[in-house]
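Lettered A, B, C, D, E, F, G and H in written order, each chain numbered from 1.
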Amino acid sequence: MKTVFERPHSLFDLPYPYCPGCHHGLAQRLIAEVIDELSISDRTIGVGPVGCSVYIYEHIDVDFVMGAHGRSPAIATGIKRSRPGTIVFSYQGDGDIAAIGTAEIIHAANRGENISCFFINNAIYGMTGGQMAPTSLLGQKTQTSPRGRKVQTEGYPFHLCEMLAVSEGSAYIARVALTNPRLIKKAKEAIRKAFLTQIEEQGFSLVEILSPCPTNWRLPPLEAVKWLEEHLMATYRIGEIKVKEGVTNAC
Amino acid sequence: MKTVFERPHSLFDLPYPYCPGCHHGLAQRLIAEVIDELSISDRTIGVGPVGCSVYIYEHIDVDFVMGAHGRSPAIATGIKRSRPGTIVFSYQGDGDIAAIGTAEIIHAANRGENISCFFINNAIYGMTGGQMAPTSLLGQKTQTSPRGRKVQTEGYPFHLCEMLAVSEGSAYIARVALTNPRLIKKAKEAIRKAFLTQIEEQGFSLVEILSPCPTNWRLPPLEAVKWLEEHLMATYRIGEIKVKEGVTNAC
Amino acid sequence: MNRVIINQEYCKGCGYCIQICPQKVLSFSEEFNTHGYYPANVGRREVCIGCGFCAQVCPDVAISVYRGDEL
Amino acid sequence: MNRVIINQEYCKGCGYCIQICPQKVLSFSEEFNTHGYYPANVGRREVCIGCGFCAQVCPDVAISVYRGDEL
Amino acid sequence: MHVETVIAGFGGQGILFLGRVLATAGMIGGYHVSWYPSYGPEMRGGTANCTVILSDQEIGSTISDHPDIVVVTNQPALLRFGPLVKEEGLLVINSSLVRGTGHCPTVEVLNVPGNEIAGAMVGDPRTLNMVILGALVAHRPLVWEEDMRLALEEILSGKKRELIEINFQALDAGKKFIRERRDAGVSERPNE
Amino acid sequence: MHVETVIAGFGGQGILFLGRVLATAGMIGGYHVSWYPSYGPEMRGGTANCTVILSDQEIGSTISDHPDIVVVTNQPALLRFGPLVKEEGLLVINSSLVRGTGHCPTVEVLNVPGNEIAGAMVGDPRTLNMVILGALVAHRPLVWEEDMRLALEEILSGKKRELIEINFQALDAGKKFIRERRDAGVSERPNE
Amino acid sequence: MKRILMKGNEAIAEAAVRAGCDLYFGYPITPQTEISEYLSSRLPEEGKVFLQAESEIAAIYMVYGAAAVGKRVLTSSSGPGISLKQEGISYLVSAELPAVIVNMSRGGPGLGNIQPSQSDYFQAVKGGGHGDYKTIVLAPDGMLGQMMEPVVFTEPQFDPLPPKDWAVSGKEGRKRRFIICFALDPQELEKVNQALQEKFRAMERNEIRYEIFGDEHPDLLLVGYGTVARILKSVVREGARKGLRLALVRPITLYPFPSAVMKEKAVQAGRVIDVEMNHGQMLEDVRLAVEGRVPVHFYGRSGGMIPTVEDTLQKVMDILSREGVKHENGI
Amino acid sequence: MKRILMKGNEAIAEAAVRAGCDLYFGYPITPQTEISEYLSSRLPEEGKVFLQAESEIAAIYMVYGAAAVGKRVLTSSSGPGISLKQEGISYLVSAELPAVIVNMSRGGPGLGNIQPSQSDYFQAVKGGGHGDYKTIVLAPDGMLGQMMEPVVFTEPQFDPLPPKDWAVSGKEGRKRRFIICFALDPQELEKVNQALQEKFRAMERNEIRYEIFGDEHPDLLLVGYGTVARILKSVVREGARKGLRLALVRPITLYPFPSAVMKEKAVQAGRVIDVEMNHGQMLEDVRLAVEGRVPVHFYGRSGGMIPTVEDTLQKVMDILSREGVKHENGI
């Protein structure tokens, strides 16, 4: 009998603590699959954020360092500079990476820091219960934008990838979504490319993963996914945003 | 007898504390001139940084708030939200705005905060004695890049304007230099446009002013200006980088 | 026959697998699990084509899929 | 005649004005000021065309320029 | 009077709301009251619980090590909170979802098939919480029935007004269940 | 011995370097020494100054309220530091740039036309600082001449080696000035 | 007056609105996010400003800006977020700008957890930022934040305030003003600092607040603030029932600290137990107050654990019997 | 051994290199920038890592990362920059990661100035970040930073270190490891905190350092650290010349604080004067140590002003004469 799908080796056989329909678990599974396929679990160090993803260290079977809200790129820098032979990745939410951690991610990218960052953009602060994120959409109602996000007061949805792409230090930048098997396959390819960019020492890589937060969007999972496809993907175009010359095309 | 040039009204008749050949004084003079010409000195509030420019509050005759290193855009936001009728500007060095203050400037721009920022890029930390700045050039020797800035370890010269231009909240972004009367005139126009953008409530405006730091570049003033023209202007192209629709063309 | 196994204790009843399945193999269980969720159930296993879509989209990695005639 | 006035105590002798002057009106003073700088001097004031370039480029706002025949 | 009640169950079962109605009714009735949730990271799943204290004295601690009453609406809640009930305290069990009564020998047990009542009698499974509250207060009059109604009106003001009626019905259904059972002569006994 | 010296002048005059050579020479000579700069923001202009203490005891405070010796190389420095010299202390003045001696009645004054000597005798105006130091040490032997040379060699090692010779010359020029003046019978007196 | 059942966080937010809060800047963090959430809808209703900042640092400097123009401005946070604000707090004091900061404190250090705790006492009271400074630190009664209790809002009564002749606004019609936070000359800065010290001394004279509760002739003085004080009141009552003579001093201001009354009561009682939800921070101020005159005992829980009445009473009885104090029923 | 005239900042940097510093992360700030500058050329020479971070916060978290993989790592800053690191310091303690942080302290609060000061004592010793934590705080002798003095480097002698069986590195050949800084369950977090407290108690047992100087039977005990201690030594010597019997206790560790010896010496002398370059911070620890047994006087300067020998001696004589202590030459 042929195995079509099984839990990846590097993903512990544990239930996730996430809400029904949340894509955090799916994203983490893809990372674990790529780690398996590239056979790098022995030399990979993950850096965890604060946010719903804080639990990632319980699920992926690699060494982990859990730090402070927004500072993973700095922590990852400290690790990578200490042990250039390791594969270092961070896993961060939109509040983490695009609000409090803005300076750290931008300068890690600008230094061409040879790390990979996975950025779960659910357009909201999940863990703290649904406040507006820099990536929240115009009109989106959240706990701290009860009348919907307005340009006049809260400004525009934040395009981190496009900003990082400006920097010469960034080598690979992509935005993906996980709402169907085809996109999941593409997303996995992007995650793989991010790791390969690092393995081949091409510089900084980042994959933004659009993700639903059914709980704080106050939508049932299937409707959340629909909202993601209709609205989030309209504001945040998926695709490869930057592939610096030299970055491998092999997948 | 016709006055060809006199100290602007809003610039106190005081000697500057800057080094010979430093353009901080020149930039501040232009700001004062524009304040005079727009007749806004009565409702303007300046926000000072930490850096050689810390002395600006002693020189321009408007209300001033001096704050912490890098945080002027947040302070300016606090002021502007409190008193939307005032004209609020910050004046910041490259260390201030492009290193420690990265998150603050990026999010002020992204919110479309209706303020004007003047960014003196001298590719070095002036006040603290010549350490590498994010904007230092490749190969540039500084106190903390004694062998010259290297991509491998310190990454790339930082293009703040281009990054801010990505954000929908920024309305007017320009880069200027002050090395001859023609460029000085253009620079003044840019400063004027920045203020007008604010007066007309079009959103965030920023003017980057390339500036020599003869002392820490360890060059006599005239050579420093030459280096600026040959090297700094090659990495940082001057010109208007973003003029959002609606921003006035009147100068 | 192909085999789809759903870990009923991992499943949170999001319904993604049910929606994606081209063969309408899956449906919600009538019973909730110990966490209070109504998990997905492999109802019409005989029509499963072993495409693995259900497993791919499951955010809780609750599904395994095997293809083969041996069973 | 045009008039160029340099505040010798504000001037720091950077030389920008001297270099930019199309008429070579300006030169360094032989005497330093109380801050130890050798300030610029209006040497050949008679050839000044009152273009104001010197004042424009002076980072220390040490120069005023007036144009006119009255003087 | 000083009664400490812990209410525990699944996140989605309206546990915190149940506590809030009880506390508000107590406040309206003139008691000192407090409501204290267990708050964890916002992830769903797992149990939710809160502590409600009604007292005629100023309330000191608002948590309870040994509550007078424990209400559990699912199995994990019983396992975790059942053993804490005071000796001779009251354990209210949503018997629709909970099997057994845990190991609480000297405790009075009140079994209420909440989900069934909510589904069958009220017609909305989400009213489970009010069914249980109705039953609890019918069995042990902690607060006045009228005050519970006032509490619901206060809490569900504004846009949520329309939900008041169904919640009333659920409270009634819970009460009715207790009354009928009492009339039928079923008495609760310490768990044998 | 315990001598506290304050050296002050323009930023570009090599004031801190002068102090460093003096302190290093003192260290080589076996003294306890300290060198303490006034450090402000890095902007140029205004005065620079440093305090050098040479002592045969452990040094406590490294700043000096009433220095034994004050060296001033420009006018503002005289105004600020002149008045601080201890009674009967020594005031060394770069008379090329400084007019008058301030108001320091009971102080010995040593006038050294530093810029002229540096320009004319040494041929490099930047050696003003070593001229002054040479004169100071010739007048008041705080450290051994040989130790000053060793100090210069230690400080100007590496890429700056080539500068050693001209600094030697400047020290000598300062010394020569004092010797000649002494031979000419000019003696320093407290300022009248 | 109407009693409303309200979460502590919401009550704080509503109180701020009623006290005339003009602006709020903050960044989400549990367990205080309801303050932001409440104000995000409430302040705009009043024509006031709510803005979620990109970080706690940005928030505190937005506060700095708003305070500089003389507005009433609030921020709130918890644990890690308050640590990030330390630089800004030091700057606010240095520039003498008024602002209100709420720390709904949680378990630390590090990310810790989100349960109630009192382990930021040192940070708040001694000054976690750089430089010699103090801020008035209030410790409200009780289990704030997530808890609901009946709340009554009274109409706030304000004394007329002195004119804000220091605030910037654009210099229209007057000489220009500036707000600074430095003095490069040491003599200057020392003067600035001495003036600040004067202000702190004035706070110590005028702002001390505390509550005394329990027996007038206690055999043991209990000391605790906030949540702990609530529990200690139960201990005092429970103790009285057992015949124990206990009293409580509850500091309401942690800075300025009610040292004098603490010492007086402690000496009267002959012994003290300080109870905190940390490993002994206010303990230092209690010991400083008591100056070695009587023994000071300590009972602390941490990480979100809350001392129970039962356990605390046990500690109390242990101390009394160890020190040979007899109570009415005899031990 | 060769004596070299060196700035304090450079001496610290060179000492770090000799002690095996693997990485340095920092952000420029006066008066400590020479540490960065020196290491920016020195560390790469040794094949080690120097990196200027984009901010003090980034720097402290780079330190956190490097410490997590078991490297010897250093950062340095001053005043405002140290305040910004408070969150990170709390995290380092929580995750039990070792690191060295240098605060070349300057005048505060706010931007203050760049002159030497001791006004960050509370921040360093009590813990300016959130949560119950302590760090070993060393106060080296003297006027550090900008000053030059002869320096002698001895070859450092290391005891063999225990294996770093907690450091992450990639799990090659072993079970995976992780570094965490939180415990969401209160019971868990309390245990974590209790373990930390154990560690702090061990520090208090093993790490206290101090120096005693001066008269064996003093009439007045002087207390001061760092720069002030240098001055106080001159005061002791100068005083002896005038017939005054003075002694100095110089804490070398500010935490753990040498309370026992302080108390012993204070009681012996009958009175204490604490001298600081601030408005009275260590003063609290001195008073806690002395427990009210003898009077504790205070003399403080701030903002970069340094107490002079002359003025301090005057204070000393005032105290002695006010308290009626006669010295050999009679007053």
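By our rule, contacts are C-beta pairs under 8 Å (C-beta built on N, C-alpha and C of every residue); 3 or more make two chains touch, one makes a residue touch a chain.
Predicted, not measured: the structure shown is a model, and the values here were computed from it.
> Which contact partners do chain D and chain E have in common?
The common neighbours do not exist; no chain touches both.
> Hey, what chains does chain C share as contacts with chain G?
A, E
> Rounded to the nearest whole Å, what is the centre-to-centre distance of chain B and chain E, using the mean of the C-alpha atoms as each centre?
63
> Starting from the mean Cα coordinates of chain D and chain G, work out the distance between those two points in Å.
Distance between chain centres: 61 Å.
> Starting from the mean Cα coordinates of chain B and chain F, work out the distance between those two points in Å.
41
> Can you pull out the residues of chain F that are in contact with at least two other chains?
Only 40-42, 45-46 qualify.
> Hunt down the residues of chain B that sit against at least two other chains at once, touch-wise.
Where chain B meets two or more other chains at a single residue, that happens at 18-20, 54, 66, 68, 99-100, 102-103, 107, 127-129, 134, 153-154.
> Can you list the residues of chain C that touch 2 or more other chains?
In chain C, 12, 37 touch at least two other chains.
> Under the definition above, what is the set of chain B residues touching chain D in their complex?
Those in contact with chain D are residues 1-7, 11, 15-16, 18-26, 29, 178-181, 184, 214, 220-222, 225.
> Which bits of chain G are touching chain B when the two form their complex?
22-23, 25, 49, 51, 53-55, 57-59, 61-69, 71, 73, 87-88, 91, 95, 168-173, 176-182
> Provide the residue numbers of chain F that touch chain D in the complex, in ascending order.
Counting only chain F, the residues touching chain D are 10, 12-13, 45-46, 74-76, 97.
> Considering the complex alone, what residue numbers of chain F touch chain H?
The touching residues are 20, 23-24, 27, 32-37, 39-42, 57-63, 65, 154.
> In their complex, what parts of chain G are in touch with chain E?
Listed in rising order, the residues of chain G that touch chain E are 3, 5, 30-31, 114, 142-143, 146-150, 230-235, 237, 306, 308-310.
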